[in-house]
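Naming follows writing order (A, B, C and D), and every chain is counted from residue 1.
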Amino acid sequence: MIKAGIVGGTGYTGVELLRILASHPAVKLTAITSRGEAGQRVSDMFPSLRRRVDLNFVAPEDAALEQCDVVFFATPNGVAMKQAAALAAAGVKVIDLAADFRLDEAGWEKWYGMSHAAPELLAEAVYGLPEINRARIRKARVLANPGCYPTAVQLGFLPLIEADAVALDHLIADAKSGVSGAGRKAAAANLYAEATDSFKAYGVGGHRHLPEIRQGLSRVAGGRDIGLTFVPHLTPMVRGIHATLYARLTSELSEADLQVLFETRFAGETFIDVMPPGSHPETRSVRASNHCRIAVHRPQGGDTVVVLSVIDNLVKGAAGQAVQNMNIMFGEEESLGLTMTPVSP
Amino acid sequence: MIKAGIVGGTGYTGVELLRILASHPAVKLTAITSRGEAGQRVSDMFPSLRRRVDLNFVAPEDAALEQCDVVFFATPNGVAMKQAAALAAAGVKVIDLAADFRLDEAGWEKWYGMSHAAPELLAEAVYGLPEINRARIRKARVLANPGCYPTAVQLGFLPLIEADAVALDHLIADAKSGVSGAGRKAAAANLYAEATDSFKAYGVGGHRHLPEIRQGLSRVAGGRDIGLTFVPHLTPMVRGIHATLYARLTSELSEADLQVLFETRFAGETFIDVMPPGSHPETRSVRASNHCRIAVHRPQGGDTVVVLSVIDNLVKGAAGQAVQNMNIMFGEEESLGLTMTPVSP
Amino acid sequence: MIKAGIVGGTGYTGVELLRILASHPAVKLTAITSRGEAGQRVSDMFPSLRRRVDLNFVAPEDAALEQCDVVFFATPNGVAMKQAAALAAAGVKVIDLAADFRLDEAGWEKWYGMSHAAPELLAEAVYGLPEINRARIRKARVLANPGCYPTAVQLGFLPLIEADAVALDHLIADAKSGVSGAGRKAAAANLYAEATDSFKAYGVGGHRHLPEIRQGLSRVAGGRDIGLTFVPHLTPMVRGIHATLYARLTSELSEADLQVLFETRFAGETFIDVMPPGSHPETRSVRASNHCRIAVHRPQGGDTVVVLSVIDNLVKGAAGQAVQNMNIMFGEEESLGLTMTPVSP
Amino acid sequence: MIKAGIVGGTGYTGVELLRILASHPAVKLTAITSRGEAGQRVSDMFPSLRRRVDLNFVAPEDAALEQCDVVFFATPNGVAMKQAAALAAAGVKVIDLAADFRLDEAGWEKWYGMSHAAPELLAEAVYGLPEINRARIRKARVLANPGCYPTAVQLGFLPLIEADAVALDHLIADAKSGVSGAGRKAAAANLYAEATDSFKAYGVGGHRHLPEIRQGLSRVAGGRDIGLTFVPHLTPMVRGIHATLYARLTSELSEADLQVLFETRFAGETFIDVMPPGSHPETRSVRASNHCRIAVHRPQGGDTVVVLSVIDNLVKGAAGQAVQNMNIMFGEEESLGLTMTPVSP
């Protein structure tokens, strides 16, 4: 059994990790930390976990995390980078669900406004998008679990960029997220009566997932620059990201060719489901599961290709992908503990 | 492996049965019928089941249901009663998720407006509320799966009536259901723009679950009459029933006594979770799971006891309870295939 | 023109007052205070008011409220009682939308846990339910605007109690509120991802609106005690209260008699709409309007009468009723500025 | 008073027209037709209109529509074109909220699959986007009220195209609509349990509003071709359209220049609200009102301009704009009866 610890388990990615790990056949949950809630039963805070998770929150210093095989950080940005070195030195694998190890050092400092506490570990850390990076993930000691938007957007652009089929200078990612993406912090803007029955963009001027997407796609493009306009939106639903992607075709690919391109690229991928031609995937079709469903269109036979990519932001966009990465890192079957069927309706 | 067939799999109880049975370790799904959709892939209608359910709908006459070990009817009222006899004669267990076998013959004819097609089978059929009726379920050939409201309401009143602690003449059940309870039929009243952001009662004059609850509770009360006012309401959410139950205490039971009464009654029940004193269970705490969570209150020390009982109407109120009954009927562990953790948020 | 000031305009009752008063033909909005937001444009906080409300928030001490004709308090409990005396002395009418002047002094201290700052003013204050108290409202200097639940519940029980038609010892009010009733404070429990797609009771042990309802109905009953069980619930919608009321009939009144009783009682009331027999009013049918719609049932011919009463908690349950009271206090037509048609869908 | 009739008042645009016209100071509602509901009280179907609209539905042949001053068609596509000629001949102004008079004849036949019943009237009909077409609207006999998406999209692109500031060959309109846009027809896809808590694109291959937008923008661009990719999405909310528009700048315009461009263009427009720099308008900020709020961004100083444009699809996107057009056609003040403040929350 893999002994797993969770640092910071009181947010939505934390409780989703608990939901998944509680049923994972190869994992034994050994500790979950929260300074604020130390001593409280996890299932008192999350009644959905009654009879499933029989743990109390513990203070970080009492958690004996160095005795775990893997530690997940479901913490705010800037926490994992301070604790990862000690854990790594103790032979504990670190999976960070925050942003500490996603960007290079300059990018981190620019977009997150902090100097990095562990630049050498950052240099070593592996970006955990398995569909791109599986080989490196296998050997990672410190894993940067991708952001939710970056997961949906990169997977959707991936086949087009690998095939050098689109112009890289004017990619557009119009992305829509459920409100759980904003976390469980009490903030007026995320109150029910503020967020329901309404729709808005945010962060148009510059969102922190923009450099992450650009960096990831640039690697796919052999280091070429990525010109990307990224507009995230808040949608009145709990879970789900829908990325609508636009790119200009530079090669002669019919809609059927594009379909083949996508199906071929993702043929061996357990969690990537290329939908039939003409499809419009709904976010609820992946609710509470680790799938990404993708459809590709070439409307009106024009030279603009449109890709629709949906994930559950808390699963493939966070906790599920983290467990997928853990499976890879520990040599387990990649889908172990992740075979839950989406909940619909 | 238990070979299972489903008749009428295009509604919400049908797709939920598919979701549960697709992961059930002792079940092999062999057929799912739909006259209207014969030939269509199940996962084309329900994309959430892509890569999970690899079946086509078949016409009923092509389904070879008599070769199944068990057949679930997820059909409108009045269908199962016509087909159950032939299946039972062929040694197939029948589990009806509709109302055909829930009431006695007079009750059926009065409340459902049809004469019963199989009165002798009706007399034999077992009412499938395991927490009351487990022994008889074990031997049932034809099983009447309880209605969603009746499940939540009966479980909540059960300890009080068994203990003869409340007046039976003026029970009140104020119940609230998510919209999935209305099924997947296209009806203007259930459109998104009609049902969202609004709340209403319905069927105050008389709902078909009223006689089912009265009959069930009367049996618990040794045949005494049950005076029940039952008011169902439509709530803008997908899944979930919240029953708020009111009864007048006739014995001297403190709130602590009531807590003990409930905890004792349900001590051995896997799916019944008596919450700590002072709790207010949320429907989402059981979402997509087979649990019923219950809290008991005696407000202001008065003589009115208030019970709060929540279930997922599609799981413990329909498909999950049906599978629980199947497990009992086939000698499997009662929770087999039903251990999914609630999805929250 | 009535010069109106608002103290504490940053919550939902505040912004709703602004919406209504901005279109009121006899009102001139002169000041709106908020210590925290002083200097900010009201319409920057509430973009829905752009081009409608051209005011900045001002600090309370800069508001010159004593020059208003009327001041509305849309503040937390315990604020108005400290400022009302000075305003009243200056000849300014005070309308408190919080609870400071609703209960008698003992009730206030017990349920709100503070000693009252202005007991003599409390003794003089008028409870502003126009359908009961119109004559006294006309002359009020300090008006206690009723709570949202108490408005819906009292209006529903009113005809029955006035007619001495029901037993007073076991009234039950099962009430459901939209989330805006919890206000605009950032609290984790009211986050979108916590409150949506779920339903729960709260405050079963004792809610502050319980003594308010009891006190109001007791006055209607000539001072007799009211035995009331009151269970509030949180519903995933923004606006609306649905009160489902249960009482035991003590006189021989058919459903038709009850219908006549209600229609007669409310015949002259502009804002009380007794629905036709057999109706189930939806909360959305009063959304954004000052109406209360009521239906009365006697299910199955039993001796339990069921009343369904719906209001918009922010309008008839708060800001709209406050303006209705203002109209009465200033001799205007009671419906002036309150004729907006409900918004549906 | 303007005598107004409505043909087909049982859908959402119909009931919204009723809500607005019932309070319009210069309008007398004289008839509302529905063959299916003839004889029924309007307020029985729409309880929100009780005490506001005192009319019965009448059969079309009994409606004496030729005695109206104006007739609104809130009918399915293909109805108005058959009845408009007779009404126009009788001197009745016709305002069609469906698509019959929006496209030229070839466009109509291609996109709506019917030959046009009144091509000469179509040639004469005026496209009713007041912010572009006010002068012609003033004299129109037959008015084509724009579609909901086309209103939001055209208004957002308008200043950019008039100023010749962007490349016309690759415009992108990523638009999101509330579910009321799908109408009040019973269709499974629009059921609450299908449409809530989920997000999806639809009609990516070609939506009927695409040619309408292209035609409208092409006129603005002096007849030049418009290369537009238009992707509509269904959002789980009732009302509201959010259009996110992308275009490549061809002139050197800073974000501040763009702000001035938009503010100048819409300076005199009552219903167009250009938000401050950096804004993200929410759909709820225009809920139940006739406003369009617009923000313009130039993210990261790149050459892609992003415009955010929000309307209430039932008001500025349908019934409100129709009344705005009526006001212009009858020489009334343009905002008469349309001054309602948005309802938020």
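Quick note on the criterion: a residue touches a chain if its C-beta (ideal position, glycine included) is under 8 Å from a C-beta of that chain, and two chains touch if they have at least 3 such contacts.
Not measured: the values here are computed from a predicted model.
Identification of common neighbours of subunit A and subunit B yields C, D. Comparing chain pairs C-D and A-C, the larger number of C-beta contacts belongs to C-D. Mean C-alpha position of subunit B lies 38 Å from that of subunit C. Subunit C and subunit D have Cα centroids lying 36 Å from one another.
For this pair, subunit A with subunit C, the centres built from the Cα atoms lie 45 Å apart. Of all residues in subunit A, those that touch two or more other chains are 12, 178, 180, 193-194, 196-197, 236, 238-239, 281-282, 284, 287, 345. The residues of subunit D lying in touch with subunit A in their complex are 170, 172, 174, 176, 178, 193-194, 196-202, 204-206, 210, 227, 229-231, 233, 235-240, 242, 244, 246, 248, 278, 280-284, 287, 297, 299-300, 302, 304, 306, 308, 310, 345.
Considering their complex, residues 12, 15, 19, 22-23, 46-52, 180, 196-197, 238-239, 273, 275, 281-282, 284-289, 291, 293, 339-345 of subunit B touch subunit A. The touching residues of subunit D, counted against subunit B in their complex, run 12, 178-180, 182, 184-188, 190-197, 236, 238.
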